[in-house]
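You will see two complexes here that share subunit A, one where it goes with subunit B and one where it goes with subunit C.
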Partner chain A sequence: MTTLSPPPGTAGPTAPEAAPAGNGPSLPRRRRILPDRLRRAGLPYLLLLPALVLEILIHLAPMVVGVVMSFKELTQQYIRDWGAAPWIGADNFRIAVDVNAPVGEALLHSFLVTCAFTVLAVSFAWLLGVTAAILMQESFRGRGVLRALFLTPYALPVYTAVITWSFLLQRDGGMVNHVIHDQLGLTDTEPFWLIGDNSFVALVVVAVWRTWPFAFLILMAALQNIPKELYEAAQVDGAGIWQQIRRITLPSLSPVNQVLVLVLFLWTFNDFNVPYILFGKSAPEAADLVSIHIYQSSFVTWDFGSGSAMSVLLLLFLLVVTGCYLLATGAGRKRDV
Partner chain B sequence: MRRSRARNAVTVTLAAAMTAVTAACGGGSSTDGEGSNDNPKELTYWASNQGTSLAHDKRVLTPELKRFEKQTGIKVKLEVIPWDSLLDRILAATSSGQGPDVLNIGNTWSASLQATGALLPWNKKNLAKVGGAERFTPSALAAAGAPQKDPAALPLYSLAYGLYYNKKMFKDAGIDGPPATWDELVKDGKKLTGDGKYGIAVEGGDPVENSHHAFILGKQHGADFFDPSGKATFDSPGAVKAIKQYVDLIASEKIASSGNAEYAKDESVRDFAKGKAGMLMWQAAANGLKANGMKPDEYGVAPIPVQARGSGEKGTRSMVAGINLAVFKNSDNIDGAVKFAKFMTSDKEQRLLNETYGSIPPVKSAQTGKAFETPDLKVLRDVLTSSSAPLPQVKDESKFETLVGNATKELFADAAAGRKVTSESVKKELSAAQQQMRK
Partner chain C sequence: MVSPTAPPRSFVWTRRIVLTLLTIFAATPLLVMVSSSLKPLQDVSDRFRWIPSSLTISPYVDIWSTVPLADYFLNSLIVAGAATGCSVLIATFAAYAVSRYRFRGKRLFTVTILSTQMFPGILFLLPLFLIFVNLGNATGIALYGSRGALIVTYLTFTLPFSIWMLIGYFDSIPRDLDEAALTDGCGPLGALMRVVVPAAVPGIVAVAVYSFMTAWGEVLFASVMTNETTRTLAIGLQGYATQTQVYWNQVMAASLVASVPIVAGFLLLQRYLVAGLTAGAVK
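Let's look at the complex of A and B:
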């Protein structure tokens, strides 16, 4: 019996040629070979097609549009037909990076505030997450309730959570001042949290409160994968709890931490929701994050070209940092191997 | 061969996707149409939040929209939009061309939105369809677009600033009546301040509110925030005096609580209603005060004080505040939209809606009626007609509100933190704000 299909396990262009010659009519080899080859060559691309089209539509196209906009003087006069906005070359970029002029100076200030905010928020969120995850490994009464409680900030809708913080942080009548000033007497006067320099502290606290449960969740899952035997062996060798954490837990968490820190960094650096809900459209200078700054340039003062240029600069910065980070962590893995 | 096919496949895919993207973006949008009547039986209306809640507005407007449907057969789909997101929604609608047929806009945005070219101009022909320009208060119509241009919207609800004062607190402090000049306001404020109470409450954390007071006081000091060519002049000597005077309520006069520097959610209305402050400068506050438990006979309303008794620009006591009604030029029911504008500016609807929202009808023939004869509305109406001025009707007006309002907010924060606010520090903030207007 002649089979039209190549035998199982046979693959590639040699398969049809390897078909045994039988008594039946000779097969039209070219017709069989071409569709087969085409199918093999094209199928992966065909399967990728929907994702590729969506990727282009959702990510690439807006990015290209944003870059084009950044070279235009795009004000409200042209938002109905942004293609007609005058082309001004690199003017928007030049103004954005001119730190001796007000626009550039304000952007630089905002960038530095964002860097400080990101470093602090990510560090504290990670530290809290890893500490809580390690503590929650031990079985004890009420662990389930505590775990659920820890995850609450992450589960709450962001608006509800942050607007509640804004009430708590109000200078007059807010619960934070009631506790630290009225009850504990920690401050001479009731501090402001939503205006002035303290607004930066308020922003970091709320961002950490909002972010750390994610770190906790991921690290808790990662901890489950560390073999218990390692700890048992360490105990037999006389290693204390700190040594176990230093020598076993943290190194074992390293691959997860590499991704976690990167994700936390990107989320925090671009965070818009927390500052917007906490301070409104006009954040205090001390808490003027880049995301809000760009929003103001684009949608409050209606200078969309300038806002786009700032977004492009931000994207480039994040690409460079992410690239360096991946290279550094990749090199680390090689050394480990 | 396989490689080249693969390359072709990818090229074709990319090209197809890019074509789709280009078609979607179109290098802009297709909103150049001047409107049509392709969908004559339906309208979409974006109403701004005027009442105590979105649900309240829906309750008020729905029966009126039904009445319009009964009259014309046109069904109106209503969406009430909170103030803090209205401008973003309008911009999104303008850039995409996918917006409502009719919408409310803050009247201070009129010239800025007019510059987009998305709004139907109310030229003589269109105005005639709603009864003509003469129906409207001139100052309200002047705040509906740039000078020398056809209005971009129709005035719907008019508002003006007034000085609200607590009658009992004034009596207890031995003050005969409301202050007429700024010196008197400070003097009275000092008498009222003490025992946890303050002379006046201000909304220092709200840039928009700050910019309005900067404008009113600026006029009194002879300052305009734009020159005749539309160029920003934020740091003129008059503007510096105006903003310093306002911030000094907390900084040097100390007749407002330093906590007011943080207020941005109408907390000053609450403080006044609860007797924590003796005075409040606000636009038509009756509904807000009622909601906070203050009865109408507990407060009085007077015009905002001036620097010295007089008239002209230096006698300005309010900006022309209010809400306008605009029609998107690319509406697919342009005639229906104009009919709806006529309905909303009819005497009957004007009386009913303005009475409900505690505002003043900008339609002159609708201003009579018991509801508008209350002492507070009478004062506000007089201010509106005789001593108010529209905010600069230039395309960069929204930048003025943001930049000057923010600068004032930062100065209030300095004052609240105990840092000295001087003419130099005010000028520095305003100069920085002005330089942000780089174009």
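Let's look at the complex of A and C:
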């Protein structure tokens, strides 16, 4: 590629006379690199310009609109002309946080469900990831195959993965009930998995199945960066493999873990895909995650003002939690660009 | 771990047991997915059975006529491809500026980019939906439901991710390379195009694949922003469920058709992906 681009236009071999003219600008330009401060100062902004314009269009403007929406009574009749929706101040927020009224009560419930779901799903995903990564740190026969197999649930498009789970979890004719009822005889009746209280269990299992490979992937990469000398020194000192894991591997992983857990938390807490595909537009009460809840109050009951207020509250919560987490662990400070 | 001696039995047995359980957990849904896609309808509507009564490839034939799967496929390809192309192109310039230059507001820019990744998608969905509906009404152009509008919404997650990953990749390329190009008379853009980009090809490909994967799997925006003609695979697969029954064997066949290229690309490029993810986030 690089050999093709220079010759045709500027200095061809046919025109040696043209070469000085063609190279002419390059000499001053070479000198200009250092002294011409204005040019240098403007250049990064010029390179950033397309990204900045897009950022304003896709992130900043929607966020401003979202905040404005949250102060309006934006019901179905105003969707086509949202500017005309009446201004109602903080009413949407007041209703959303009033836990004694139906709207606030339902929001609080779905918030608590989301917290429980996030804690369980992140813990299990991290635990499986770190266990598998440590056990597979040393090579053994079939490691490559297992690695690929473990990563596949994460590589699958989320809808195909979750649709498959909803097939497995069908009450009649699902694989799960076939195994626990027909084959193992663990239950007298066949439980429902996609409605009722069991739906929470189903949600956690599917989310863990989907996210633990990510923890595995990141932690395996992190394990490669632990200096081998540490293990060699430990062996010389007579430390067995379990001691090496406890004293070297786990402590070395801690900076990676701090970032990993934060990422897993944010993904899981904000997850929309898994519950939406598993349960549809309105999730069972036991598995009513906040993102689904907001989606439903916006696109099923068509109250955009209320949905926006809930989104803003969700964002504030995430900002506070992330801020506290970063302060507590110092995970954010180490990677200044 | 470099161990001249074999690991102790306790470790080997723990490894065998744990990895066997994990294999069952990871592989069972995949196994059911593949086997069910080869079963006759009877087998997937009645009680579950591990062994199919007969093997058939007819689900793979029927998926294309039960729903307009080819159209959905094309829509997904266009939307994910365009979002990936746009974001990688724009991110290349932005990441180069951040990686190679000092300038006012650099920290603010990178922090903003990083923080948008933590925002829930639903936060952008409601305003973008309203903006597209109202802008469409004002201009008379049907923006809402169009592929273009969906592509723009996909940039909300592909662009910050691409910028962030590419900064990591560009940082890992020695500055001496492009400084040499600058002293040889290349302009800054020349240095980017002729030196930095070629050196970062594995990284750029990995970023593109990852962006494409996330766009290909996107459900939230697609569920709201598409209509019958612009529907993507993520939403189109729901068409195999009719009022009376679900064609599970066809669902599984179509899922595999939608998955295999993505999974193959991911597994082939995962080493580069990890390098970028760790360079960007977990240094």
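Going forward, the second predicted complex is superposed on the first by the 280 of 337 C-alpha atoms of A that agree within 3 Å, B and C clash if a C-alpha of one lies under 4 Å from a C-alpha of the other, contacts with A are read in each partner's own complex, and residues count from 1 in each chain.
Rule of thumb we're sticking to: contacts are C-beta pairs under 8 Å (C-beta built on N, C-alpha and C of every residue); 3 or more make two chains touch, one makes a residue touch a chain.
Just so we're clear, the structure is a prediction, and the values are computed from it rather than from any experiment.
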Touched partner set for A:Phe299, first subunit B, second subunit C, both or neither: both
Contacts of A:Pro227 with subunit B and subunit C, given as first, second, both or neither: neither
Touched partner set for A:Ala41, first subunit B, second subunit C, both or neither: both
Contacts of A:Thr322 with subunit B and subunit C, given as first, second, both or neither: second
Most subunit A residues touched (candidates subunit B, subunit C): C
First, second, both or neither for A:Phe150, with subunit B first and subunit C second: second
Which superposed partner A:Val259 touches (first subunit B, second subunit C, both, neither): second
First (subunit B), second (subunit C), both or neither touched by A:Ser282: first
Partner chain(s) touched by A:Gly307 [first = subunit B, second = subunit C, both, neither]: second
Partner chain(s) touched by A:Ala132 [first = subunit B, second = subunit C, both, neither]: second
Overlap of the subunit B and subunit C footprints on subunit A, listed as residue numbers: 41, 45, 52, 57, 61, 65, 79-83, 172, 299
Subunit B-touching residues of subunit A, taken from the complex the two chains share: 37-38, 41-42, 45-46, 49, 52-53, 56-57, 61, 64-65, 73, 75-77, 79-84, 95, 101-103, 106, 170-172, 190, 192, 194-197, 280-282, 284-285, 296, 299-303
Subunit C residues within the subunit A interface of the complex: 1-3, 7-8, 10-11, 14-15, 18-19, 22-23, 25-30, 32-33, 36, 44-49, 90-91, 93-94, 96-98, 101, 103, 106-107, 109-110, 112-113, 116-128, 130-131, 133-134, 137, 152-153, 155-156, 159-160, 163, 167, 182-183, 185, 187-188, 194, 198, 213, 216-217, 219-220, 223-224, 233-234, 237, 248, 251-252, 255-256, 258-259, 262-263, 266-267, 270, 273-275, 277-278, 281-283
Subunit A-facing residues of subunit B, complex: 1-2, 5-6, 9-10, 13-14, 16-18, 20-21, 24-29, 31-32, 84, 87-88, 91, 94-95, 97, 112-113, 115-118, 205, 207, 257, 259, 261-262, 264, 395, 398-399, 402-403, 405-406, 409-410, 412-414, 416-417, 432, 435-436, 438-439
For the subunit A and subunit C complex, residues of the former touching the latter: 1-2, 5, 23, 26-27, 29-30, 33, 40-41, 43-45, 47-48, 50-52, 54-55, 57-59, 61-63, 65-66, 69, 74, 79-83, 128, 131-132, 135-138, 140, 146, 148-161, 163-165, 167-168, 172-175, 177-178, 182, 209, 213, 217-218, 220-222, 228, 231-232, 235, 240-242, 244, 255-256, 259-260, 263, 266, 269-270, 272-273, 276-277, 291, 294-295, 298-299, 304, 307-308, 311-312, 314-315, 318, 322, 334-337
